[in-house]
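What follows are several structures.
Okay, so chain A shows up in both of these, paired with chain B first and chain C after.
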Partner chain A sequence: MTETFLGMPATAPAGVGNLRGDEPFPVAARRALADAQLRRNLRHATGTIRAKSAAVIGEVPDWPELRAAGRAIKSDTMARLPELLEQLEAAVTAAGGTVHWATDAVEANRIVTDLVRATGADRVMKVKSMATQEIGLNEALEAAGIEPVETDLAELIVQLGRDRPSHILVPAIHRNRAEIREVFLREMPGVDPALTDEPAALAAAARRHLRATFLSTKVAVSGANFAVAETGTLAVVESEGNGRMCLTLPETLITVMGIEKVIPTWDDLGVFLQLLPRASTGERMNPYTSMWTGVTPGDGPQQVHLVLLDNGRSAVLADEVGRQALHCIRCSACLNVCPVYERTGGHAYGSVYPGPIGAVLSPQLTGVEENASLPYASSLCGACFDACPVMIDIPSVLVHLRARHVAEQRAARRTPSAEAVAMAAAAYTMDHPRLYAAAQRAAGLGRIAGRALPPPLNGWTASRDVPAAPPQTFRQWWSERSRS
Partner chain B sequence: MTARDVVLARLRAALAGAPPAPVHHRPGHRRQGELPPGHPELVDLLAERLTDYRAQVHRATEATVADTVAGILAAEGAAAVVVPPGLPAGWRPGGVELVVDDDLPADRLAELDGVVTAAAVAVAETGTIVLDAAADQGRRLISLLPDRHVCVVRAEQVVATVPEALARLTPDRPLTWISGPSATSDIELNRVEGVHGPRRLHVVVTDG
Partner chain C sequence: MRIALFVTCLADTLFPEAAKATVRLLERLGHQVLFPEEQTCCGQMHVNTGYPDDALRLVRRHVRTFAPYDVVVAPSGSCVGSVRHQHAMVARRAGDERLASLAEEVARHTYELSELLVDVLGVTDVGAYYPHRVTYHPTCHSLRMIRVGDRPLRLLREVRGLDLVELPQAEQCCGFGGTFAVKNADTSTAMLADKMRHVLATRADVCTAGDASCLMHIGGGLSRLRAGVRTVHLAEILASTEAGRAGERTGRTEGVAR
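What follows is the complex of A and B.
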């Protein structure tokens, strides 16, 4: 293996972490769609958040300028990513922190496990972090005999319920209050059997449950929402105070961060601290934001580590169209507006990154062929693009990845799926008006054919109904209207 | 090759294949509100936004801070509170046991009924107070473990926007931005107050 080869952009390795599902999206989605309770929970939760978010975004007079600034800062960051990471490393080191680099999930898990072992601790407390879920850190720690304790309420619900997260922001969005109460009664040691399903009572139960853990655990693991290259400052936004506990109480703090989270300047924080809470939880500001720069003598952890994680990000950066997926600030606004996500929930996407952003991020991190169904898990309605606070053009990236899938199938001399061929044919037809008109007339005739397509296109209708064709096409209607 | 070398080489290769267009111009966004720091309307807006997040807002003058804080603590039956070493003498409430933080152990802090601190800056539009661990605010831990936080903000510390607040802060101090009491949106995406941080937040705004 040459050094040149080692230095080429690489996707995330298989067999570790949580970027790949056990089954393709259509199969998982079909099962999710059969769960009426899940759909009710999702509809209620996403509807609530959409309304709250719209109200607080409406208060900001310069929201379009903020979104454009967010996009520009992220584009600039990606163009200078190696230099900014070196600058970040220097600043964190100068402030008393230690920086580690991990090419992939295996390496990151080993670094964190070794750091925890060096402290002699057999338990770590965790702030909710997408990066550590992505690399399967909890599984790696458990295999090494170290107990990871999730402290975010939703992560705790997921961990106690031996469940999987289904939303970036609210991992237990698929559970309603009654189901959460059941999990607590069953799994939380010493819980009051008279616990009600009032959210305040459930939150109080979590407070009692975790207090002793916070006060006695010597090592914490966090992610980071932002890392400022010029100052070495890391920032975590949260609501409950579990983040503050983990970032303040232990002797050792280990932060695992995807390399795309770096931002150039302190001033840039002013853009993202306005965009993130309003797009994410629909609040003017989340209850708590913590910022720390290396070690502060006498205040907080005195051993501070930062693990910079690639795990496929270099491969995403190499794709001229797809690299904008690295702009994502994990607000989850695109999930909350997505008609597909609202019906299937997050588990159907397989990866820890569900919804529209997951459909463009996961296949790029793993290589398109290992998540080939995800770029098709969308109706291309564009609601995600409108909602994205950093203006990621998710629909264009989805179409781009579908094309990559077809091209990679062809390059491998495999027969592309009927779906992929249909997409390519549809693109050709729409580019040729006569063919398109003929196809529309033919679709009108299809009214008599029922709602499933014949082979080889029945793959398409296995998980969808063909919409009933209107009695006449728009073109027919228009020409009749012009005549009269 | 170290992991560092590999990651940086990969990123450089990724960018070399299809270099992104450099961004020379960043779109402007609003850095300042229309009102200057400390303007009465800004103070009113801060109070409204904090109240919206279930914090309780009180008004005082520099001369009445101690009595106001004492009244808040007495009304809630708080008997012992921690204060940072640099809390102004004139702000220290009577009628309660005051424990000055001298690297108190965490379990001792967790037993106390509250904490009284100053703030570094406050953001009116978002209903946020920011602590920067200066001597009148103390270590991060003291405003976290007790279940009740009384924070005294001077009117001139109230700015309109987040960028204005950042301009007043320095990154070499640990910063805690606080917008209302501890809360969660994890159950059905509705905000519920009171999880791990202080469940009661009182903000006393002083003017003159």
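What follows is the complex of A and C.
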């Protein structure tokens, strides 16, 4: 046994990136719930995607087997992540790429900024990337005097509107087309003042705006949906073709990828390319799948970099129950079926990862205490587990993280919380049937006739009546009946 | 058949009619119901709120109480779900492998009411009479945790006099979620509002389900609205007969009648 204490893997650092909200979920949710337009937009959008996705999933006879295969590949990957990452590094390097390892957001931002500076460029174009949103790369580049231009239509809408993404797949899901038109008219240089809110007109305006950027920008930053360890191939899956432009036109391509995105073999890609589009956009196949392996002389980017990002992922991997959150392929199926997400939208979750997967991933990346309200932002209805194409048991992880939060609170406090006292008392009472029966009778006698209960139970009585106490409990009835 | 009743703490304390109806129904079908009085609560509230260590003693008690019985029934998909999917986990978390395997044994013989009727007792027509327009809310834990499927609907379709109407977006959560309803009261209320809207759209007199907890939530909202729709546990409908009209006397969570 080593004498050096290596310690637990570090969580994502505070003060950089977008994993922490400014306020707890219930507070942020309250504001979102009051926005009727937002709720209409979300209900319409999630309902539409749900129906599309259900239809195309229904066409696949072996969907359950595909899900099981997806889960098996991810479990295998997590079990030997270090080995696969080293294999990936060797393959990328052999193909002429350069691999960088980033412990956290600060390091990743520094690596990318230095790489861009070395090219002399003062502008980069970006294909939509959750990892760069996570680490706050745009903010870091701007601080270094480099302009990042989002080329994904929804990301562009969010960027121009100085807004935050609200959905993993559809970042501007919370905006309708009238709102998007306003953002374009206000923020897009040289836009036609007669622009209508027709989707085709909006897309055309964005296309004109972006075309100049594509042709004049020498550096691109991308994420990666998958990285194949055996070949060193990186893959980006998208719908609009902007990604393909970013991946092929520039001289330098920098990819920032969470370490969990590696998969062992080329064959494994076949499973995920079937699962992802049907579960996410409700399409049989996504319009563009781009793959690249290192550098091809004379064709495409001649400088190819891969930044492997940890930023708390090793800490997630260390949790036997929670690590399955790393299986996520960012399809957003769980968001689209979640009744909580549908009503609050993504901003209420504070993190760049919203919805059910965000509620289990963000607190693990940052440490549970720094996102303590998120594991409770679920009714545990289980719709997310059913929808997940790689079968992540999100409800079980939520419950596990609640237990972690309670345990950490217990360790940190001198006196137990009121809730902990109540829970312990309830468990003690329920473990003593006579006490329990006495408590039942007391509850019956003491029930307040009326609408308001004291805090925290007034959360219930604000909108719901409390059931009236029955004249006798079941066990009283049973014992009377047995006697007679 | 000798069947042990796991009454669940909520039915015992607040909704005894659902439990009494379960007893009456099974006895009417010719079975003997036993009520082990050492039982209290499955501990799901503790597990789901983050207190699995406190739940451990309740799991021990539950396993000790029900291990001697070959068949256990509960009028709650949620509590059966806890027995099946949480008890062994709580035991293993505490390093008690023996308790975990005993818990798995108990779980194998524990059934939600509609499962017991359809799968074990092999009956869908329980001889019930209930002359009302009824809509069925599947409840998340019955639907997804233990997958009762269409068993409750098959039972309801055989009830004489009953007019079964489909609930729009039935599979959506009502927003209860145990302590979720308190910790995230606003979101819970928003979910409930949509559920109530769908219930009202059916123009049903009665909304039924296999879980008293969800009915408490939906019923608590409908009562506040003075909507005139009653919530009645599935067991009460199935226990109702033309002779007894038992269901007429029940449904305490209903709002003020129109």
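List of remarks:
We take it that the second predicted complex is superposed on the first by the 407 of 484 C-alpha atoms of A that agree within 3 Å, B and C clash if a C-alpha of one lies under 4 Å from a C-alpha of the other, contacts with A are read in each partner's own complex, and residues count from 1 in each chain.
Keep this in mind: a contact is a pair of C-beta atoms (placed from the backbone, for glycine too) under 8 Å apart; a residue touches a chain by one contact, two chains touch by 3 or more.
Quick caveat, the model's predicted, so the values are computed rather than measured.
In the superposition on chain A, A:T119 makes contact with neither chain B nor chain C. In the superposition on chain A, A:Q302 makes contact with neither chain B nor chain C. Of the two partner chains, neither chain B nor chain C is touched by A:T93.
Applying the stated contact rule after C-alpha superposition, one finds that A:P26 touches chain C and leaves chain B untouched.
Set side by side, chain B and chain C differ in how many residues of chain A they touch, and the one touching more is B. Touch criterion met: A:T48 reaches chain B, while chain C stays clear of it. Of the two partner chains placed by superposition, only chain C is touched by A:D386; chain B is not.
Across the two superposed structures, the residue set of chain A contacted by chain B and also by chain C is empty.
Contact residues of chain A toward chain C in the complex are 25-26, 29-30, 33, 39, 339-340, 343-344, 375-383, 385-386, 396, 399, 402-406, 419-420, 423-424, 426-428, 430-431, 433, 436, 440, 443-444, 456-457, 459-460, 462-470, 472-475, 477-479.
Of all residues in chain A, those touching chain B in their complex are 3, 6-10, 41, 44-46, 48-49, 52, 59, 61-62, 65-66, 68-69, 72-73, 75-76, 78-79, 81-82, 85-86, 95, 100-103, 107, 151-154, 157, 169-170, 172-173, 176-177, 180, 199-200, 202-204, 206-207, 210-211, 214-215, 228, 231-233, 239-242, 244-245, 247-249, 259, 266-267, 269-271, 273-274, 277, 281, 283-293, 296, 298-300, 308, 310, 314-315, 317-320, 323. Note for the complex: chain C touches chain A at residues 7, 9, 11-17, 19-20, 23, 35, 37-41, 43, 45-52, 54-55, 57-58, 61, 89, 140-141, 143-145, 171-173, 175-192, 216-217, 219-221, 223-224, 252-253. Across the interface of their complex, chain A is touched by residues 1-15, 17-23, 25-31, 49, 53, 103, 106-107, 110, 123, 125-128, 133, 139-141, 144, 161-163, 166-167, 171-198 of chain B.
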